[in-house]
Each structure stands twice: as C-alpha cells, then as structure tokens.
Amino acid sequence: MILITKLVRYGSIAAAIVGFYAIFMISRTQAARQLPTSSDPPIIPPQKPYVEAVAATGILEALSENVAIGMPSPGLVSSVWVKVNDLVKKDQPLLALDNRDLLAEQLSTRAQHEIARAQITVSEAQLAKLTSQLARLTAVADSRAVSLDDLENRKQDVAISQAQLVSAKAQLAATESSLKRIDLLIDRLTVRAPRDGSIIQVNVRSGEYAANTPKNPAMILGDIDKLQVRADIDEQNASRIRPGQAAHGYLKGDPTVTFPLEFIRVEPYVIPKTSLTGSSTERVDTRVLQVIYSLTRPSDPPLYVGQQVDVFIEAPDHHPKP
Amino acid sequence: MTGLALKMLFGDTAKYVMLIAGLFFATFLIVQQASVFCGLMLWTTATLKNVAAPIFVVEERVEQINETNPMRDTDVDRVRSVSSVRWAMPLYSGIQRVRLSDGSFKTVQLVGIDAASLAGAPGRMVEGRLEDLRLPNTVVIDQLATTRLASNPKDPSTKIKIGDRFEINDVEARVVGICEAMRSFTGGPYVWTTYERALQYTPPSRKMLSAVIAAPVKGMSVEEAAADIERTTGLRAYVNHTFGKDTKDFNTSTVWWYIRNTGIPISFGTTVIIGFIVGVAIACQTFYAFVLDNLKHLGALKAMGMSNVKLSMMLLVQAFTIGIIGFGLGLLATSGFAMGALKNGQPPFFMPWQIPVCAFVAVQLICMLAALLGIIRLSLYEPAMVFRA
Amino acid sequence: MPDPVPSSRIIVDVRNVEKSFGDGDNRIHVLKKIMLQAYSGEIMMLVGPSGCGKTTLLSAIAGTLRVDGGGINVLENQLNEMSGSALTRFRSRSIGFIFQQFNLIPTINIAENVSIPLMIQGVSSSKALQRSKDALERVGLGNRWKERPNKLSGGEQQRVAIARALVHEPPLVICDEPTAALDARNGEIVLDLFRQVARSPDRAVIIVTHDSRIFSYADRIARMDDGEIVEVHEQSQPTPPHFVHEHAHG
C-alpha cells in the first residue's frame, strides 16, 4: 500500500518533470523545423537603376525594322547565294528564280535576228542589180532605141527595191530590241539586296517554290549592328512616359547583362498587348504603349534579335508621397 | 506548513490520482487541441511559408492566399514601377492534378516562379539543384511528394527520385530536385516549376497571375513598401511575417479568413472549452470532497490556533501542486502526440509558446477555483464545531 | 476558597458568562451567569448530563466560541475583547487541545502530528520534530514516531494526542471527553498517564467528561446542570479509581 502510494507520488512528479522537459524539446524541434523566413532570391533580380522608374517588358528587334524580301513573281528558286548572318551590299544578288523559259525565247529571237540580217543583204543585192540596169538604159543616147515606157518601169523597180531594203533594216532593229527585252526579264529573276544589311532569316532553298506571301517572306534583311528594343508599357503607367526619358535594359534570364538604351520614339498608337511568352493562349486583355529604344550591340555577350528585355525607364512617380 | 499540506495531499492516493487525472485531461485536451488547431491554421498559410517573399501583391479584394483572384501579366511591371520596390516577380499558385505512372490521380499545389531569379524558390533543398529548374519540363518537389506521388506510398523503394517523371495535366514533368516544404491545407504536396511552365501545365484561362512577390528597397520597411504599392497600383499588398495582430500581414489575414468562414475554430474551440469544463468539474468536485474529508482535521487545526490565512495557504499550495503535476502529465501526453505528429507530418501540430502558457494559466485557474471552494467551506467551519463530535 | 497548591494562581476566570442559541421563542439559554475559576497545578473536570452546556463552556474557555455576556479571563487576557486573529494566536500559544475523536491527521506520521502546534507557532520543522519526539517519549511512544496514526490502537492514539497537546508547554490544556472513544481499561491507562505528564504547577487542565470512572483523577470537579454550575467538589488527594473518596463541598 505504502509502495503504491510512493510509486504514485514520485512517479507522477517524475512524469510531470519529464512532461515539462518533453514539451520544451518539442518546442525546440518545432522551431528547428521552421523554414527560413523571407530572404533574397537565389539570383538577385535586376537592381533598379533609377529611384523612380517605370518598368516594362521589351523585345529586341533589328534597327530600322526588318525588310521582308519580296519575289518579283512566284517561281522556282534556282539558286540562293547568301546565308543567314551574311553581310550584303546594296544590289548584291541574293537569289535567282528559274529563267529557262526566257532563255528559250532568246534562242528563237536570235535566229530571227540572223534571218533579218540576211534579208538586208538580199535586198541590197537586188537594189544594186536594178540600179545598174537602169544606168545602162539611161546611157543609150538614141531615144528611139529605148522605149520611154521601158525606162519608166526600170526606175520604179529601183524605188521598190530601195523600200524593201528599209523594211529589212527595220526588221533587224525589231529583233534586236526583242533580245534586249528578254535580257531584262532574265535579269529581273535575280533578287538583289535593296540596301546594305545582314541576312537575318532565309526561308527558301534552291529548288523550292517561292510565292509572294507577306507573312512568310523568303528572306529577312535587317541591320543587326544596331538593335532596337520595343518596350510594352502598361496603359496605367503610360501617362508617366515622355519622349527622351533615360532607360536601362536588362536581359531576361541573365540580369547581369545590362545596357543603356537610347530613346528613338514613342509609338503613337496604343495597341492591345500581345503576350511575349509566345504561348498559343495569348491573352489580349490590356493595352500597352510601345516605346522604341535603340542600343549598340555589345560585343560580349552577344544579344540576339527576339530576346526579351526588362526595361526600366526613368519617369517621375505621379503618385505624390503622403 | 507546506510540507504538512503536501503530505496531506499525497497521503490520500485515490483522491490524488483523481485530481491529477482531471487536470491531466484538461491540460491534454486544451494543449493538444489548441496545437492541432494552430497547426491546421498554419497549414492554411503554407504557401506563404514555402514561398518566402517579404511582400505578396494580390488582387484588391483577395483576403487569403489559397483563394486568389488572378491578375494580368503586366501587373508585375506595375508593381516593379513602384519606387519602393527593389524587385517584383510573378508567382503562380494553384491546385493541379498529377497523373502517376499507374494512371491514378493526385492533386498537388503547383507553384510557378520566375525562371531567371528563382524568386519564391523553396528555402531548403534536400537533394538536387534548384538551377536545374531552368531545364525543359522540370519540377522540384517537396519531401511529401516523394511518397505521395509514389506508385505505392507504403513501399520506400517506389519513392519518387530525381529523374523520375510524371504528368501534370498531360504535360510531362521531370523531377530535378527535392526540397523541404510545409504541408498545404488541402494536404497536397508542393511542386515548384517556372512561371512560364506553370502556365503550360495549367489549363488556359484569361488571367493566370496569382500574385506578385516583391521586396522593398534597402532602408525601407516592408510595411512602408506595401503601403506604397497599394497607393500606387491599387492592388492589395500584404507583408509576410507571421500570424499576429497586423491585419496587413497575409498570414493573419488568411488565418482570420478561415476562422470567419469555416467551422474549424468552433469545433476545436468546443473541445478546448469542454477540456476546461471537464477539468473544472473533476478537479473542483474532487478537491472539494478532499477538503470535506479532511474537514475534521482542518477544523482541529483551526481550533489549535492555525489562522485562516495559513489554512488557505495550505489549500492553495495543494491546489497549485496538483495543478503543476497534472499540467506536467498533460504536457507529457501532448509531447507524445506531438512527436508522432512531427515525425509523420500529420495530423497538424503547431504549438506556439502561448498555448502551454495559457493552458497553465487555465489549469491553475481551475485549481484556484477548487481551492477557493475549499477555503469558503473551511471559513464557514467554526472551530468550536470540533468539540461537537 | 483554599488553594490546592500553595503557589497556585488563577489561570481561567469565568465571570457571569451567558450564552444562548436561537431566536425568539426558540431561544435556548445554554449558559446562565456562569462563575468558575481554574487554577494552575490542578486538574479540573466539568461534568454533567448531556446538553447541560459543559462543552459550550469549554469552547468559550478555549477561545473558540464568543459568549453573549460576562467575561472570560484566561491568563490575564479578556477573550471577549480580543480580535479574531489575536484569539487565534492566543489559542496557538496558550492552549493545548485533546479531542474526543483524537483528530490526528491520518496521512502523516505521529511525530509530525505532534509537531503541528509547534509548526503553527512557526518553529522550524527540524526543531519541531525533535521536540515532538521528546513529547512522544514522555507518553511512551518514542520508538514508534514514524508510524501513521491508523497503525495505533485507540489508547495509543489518545496518547499521541496528549503529546500533541503538551508539546508546546501550554499553560492551559482543554480536554473534550478524552475517554469517550476508549474502553474502560484504556481510558484509565490514558488518564493515569495524562495525570502524570500534564499536571504541573504552571498549568491548569480542564477536562469535560461524563465518564464517572475517571472522576477520581480530578483535583476539583465542577458539576453542571441546565447551564448552571450546581456544585464544585474538591478532592484534596486525588487517587486512582479504587481509592476514590467523595468529599462534600467545603
């Protein structure tokens, strides 16, 4: 009995002490389990270069907009002379379309040209013969030996022959201009660079059929030494934008790549935002003001047209501090 | 005198055990239920703990993190345009379904974070590299997911490892990392991926941005920055510390939302109150019986010249002692429960220091109430009555 | 009134004490103008039939009951004029109690039980325990001090109660029916012992009893009936029961 009493007494006290200790340990364990509180992300996001700035998302484009090279006429591509990234001069041939139909036409026109030339020779010989016959008749002194009528006939023959020669010469000139026309048409099938620049994209290869669709140009020519950034600014921040504000760009994905931007212009028309994720489920739910900035392409690291850029534009806060 | 009081208390084993049992149950019910309640409430803020950003910017009427109203993508730029903001990144958070290799479905809490900065990434990686999240079709899962998404959760060999694949809404996901994370309220494991990929995993809808996470510029408090964001953008900016009095704290706001809108607090509160009542009933009744039993002796003490103050002190010492011991035993039982809960990750258990302190006060209140009854009974006992045996 | 002991002095002086319970028609006068003295060195018994008011008088003398009229002077203290807490303090220092039911606390050992009056006075527990062991020695239970009261017989328990009543050397000891819970033999043994250890030149002992077998242990016997002292016997040479002599009131 005494034993049980003592057991209950000291057992309960000991258990209570253990209980206090255990709950203390639980509390410690629990604290150790706590996840770290808010800290900076693993990679520090771009630091804002200005105290008051408007942030925007932009995309890199070639300066002075890209040229989609058009075809003179739809046709088979016979040869492509340039590759992507080639620097081209104005009028440098880029590609040629198939011109064999014109070459064939040239052949037959050349033959006609020869014929016309032979025709002239024939006409000249005929004229010489008739001219000499007329001269012999005119040389007979006795007018009774030559009938007047006969003399008149001879004179008319010579005039006809002269006219025939003129006609043959005109025929020759006609075939010659025909040849020139064919040369021009052949030359037209060679597409040349409209200006200096770089080939950004080539969408045709020789043997393919090149059609004239504006959405899918055969080649894109642009100037990639100088790039431009098209920045989308939420319409709610549009009122803070003024021409000439300084701006800074940060390459998306690598915030260490930064470059100053040079203001070019504000697009005067506010357009629906096209999501830059390139997703098929583009959400058109807000309108954005587009501002164009240019930048000199840094040599290292390389920038590519089409990359996304975080843009900060220095613009005063229009919400006054309280 | 204290020794006498304690000896009288411990001498009556049966009553002592009854008293201790009553207070033990009261303590256990109060502490354990309150901790489970706190644990459950903490689970509701799991996303806030797992995405440890100082400021959460959400749509203006959003009150809790698990039910956000999506915003437009450009809102990230708007937040970023606020002068007080050092950085701001998009966040996707939503419940999605995962299809396992055997064709069964499990729900997960999908979190999409900015791929470049990885802002909002899990705080503690267990295995793998966070940076691998930039590879195509990759995800980082929490430890719960390794068993939850396994083909046989009971079998450790089928645990999800790095390199394993599953499908989220029919899009492939490859595991590149395992991290520590707090369990979500819905019980689903957390799966991290990049924001863009989260949008691909998610069925398209018009707006997808759940929240913008942000940090204040150096030298500015998060509260000031949050106020700045609200004023400038008209969005709702919450700070992310911990549950407290601050209604601008997302944790507080979320927990209060659950308290207001669910029956959880009623259910747990009832149990806690019942625990208190059980404690009061058993402890007071037994202690009063204990006093009545000893009334003859206590009366003799009173006759022999022991003052009412000393007698009251004796009863208070006795009540306090059983309070301490019963409370300690209750804590022991709660610790046992807590160890299991912390080991398995469920049921929810979170015990802020206020719970044991409040429970201690409650238990001592019960004891003092019991002692008070005894004191009143004793003060009504005239010492002359001891002669009328 | 002759002094039983030459150097005796008045310990208790009860003058014209009145006490009644109840109201109006139900009012019962329990004590009616009681006059009584108790002297140091004597053992006085209050005897009488049940309901005669002897226990009420004892309670009043012990300072546990307030009277309606008259005055009780114990050791130069007017009990009527003392505050409740002063009265409590007075009881703890000056009076030893022996109850009918012994009233030992069952959950502590007998030495601790005996030390209670000392502890009430604030004596340190080690000193109190030593003195209570000495007191137990005097009642013949010195080697059993570790026992719990319920291990002891009734007589032994009352001996423990005697030790408790005397441990703080009070000048007045109050006994309420000390033998009522004991058989005749044990009662005699206890009273015999009690007379040996309690009777001292500095102490008055008042015993309330209706057990006529122990009357012989008294120096004086005050007989009460219906709230009045009807007679006081004086026994100049108190003797064991078989030598009891009845003396007429002088």
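Note that the chains are named A, B and C in the order they appear, and that numbering of residues resets to 1 at the start of each chain.
Just so we're on the same page, contacts are C-beta pairs under 8 Å (C-beta built on N, C-alpha and C of every residue); 3 or more make two chains touch, one makes a residue touch a chain.
Remember, it's a predicted structure, so these values are computed and weren't measured experimentally.
**Student:** Suppose chain centres are the mean of their C-alpha atoms. Which chain sits farthest from chain A?
**Tutor:** Checked the centroid distances; the maximum from chain A is C.
**Student:** What chain lies closest to the overall centre, CA atoms only?
**Tutor:** If one averages C-alpha positions chain by chain, the most central is B.
**Student:** Measure off the straight-line distance from the CA centroid of chain A to the CA centroid of chain C, and report it in whole Å.
**Tutor:** Once rounded, the distance between the two centres reads 125 Å.
**Student:** Between chain B and chain C, tell me the centre distance in angstrom, where each centre is the average of that chain's C-alpha atoms.
**Tutor:** Centre-to-centre distance between chain B and chain C: 65 Å.
**Student:** Distance from the CA centroid of chain A to that of chain B, rounded to the nearest Å?
**Tutor:** Distance between chain centres, rounded to whole Å: 60 Å.
**Student:** So which bits of chain B are touching at least two other chains?
**Tutor:** Chain B, residues with two or more chain partners: 10-11.
**Student:** Could you list which residues of chain C touch at least two other chains?
**Tutor:** Touching at least two other chains: none.
**Student:** Residues touching two or more other chains, restricted to chain A: which are they?
**Tutor:** In chain A, nothing touches at least two other chains.
**Student:** Which chain B residues qualify as touching chain A in the complex?
**Tutor:** 10-11, 13, 16-17, 20, 31, 49-50, 52-54, 72-78, 80-83, 85-89, 114-121, 123-124, 130-131, 180-182, 196, 199-200, 204, 206-208, 215, 217, 231-233, 240-241, 324-336, 338-339, 342, 350-351, 353, 356
**Student:** Could you please specify the touching residues of chain A with respect to chain B in the complex?
**Tutor:** Answer in residue numbers: 4-5, 8-9, 12-13, 15-20, 22-23, 25-27, 29-30, 33-48, 51-57, 232-234, 236-237, 240, 252-255, 273, 275, 277, 279, 281, 283, 285-286, 288, 312, 317, 319, 322.
**Student:** Would you mind writing out the residues of chain B in touch with chain C in their complex?
**Tutor:** Contacts found on chain B: 1, 3-4, 7-8, 10-12, 294, 296-297, 299-301, 303-308, 310, 382-384, 386-389.
**Student:** Considering the complex alone, what residue numbers of chain C touch chain B?
**Tutor:** That would be residues 55, 58-59, 62, 64-65, 85, 88-93, 95, 97, 99-101, 103-108, 112, 116-117, 119-120, 125, 176-177 of chain C.
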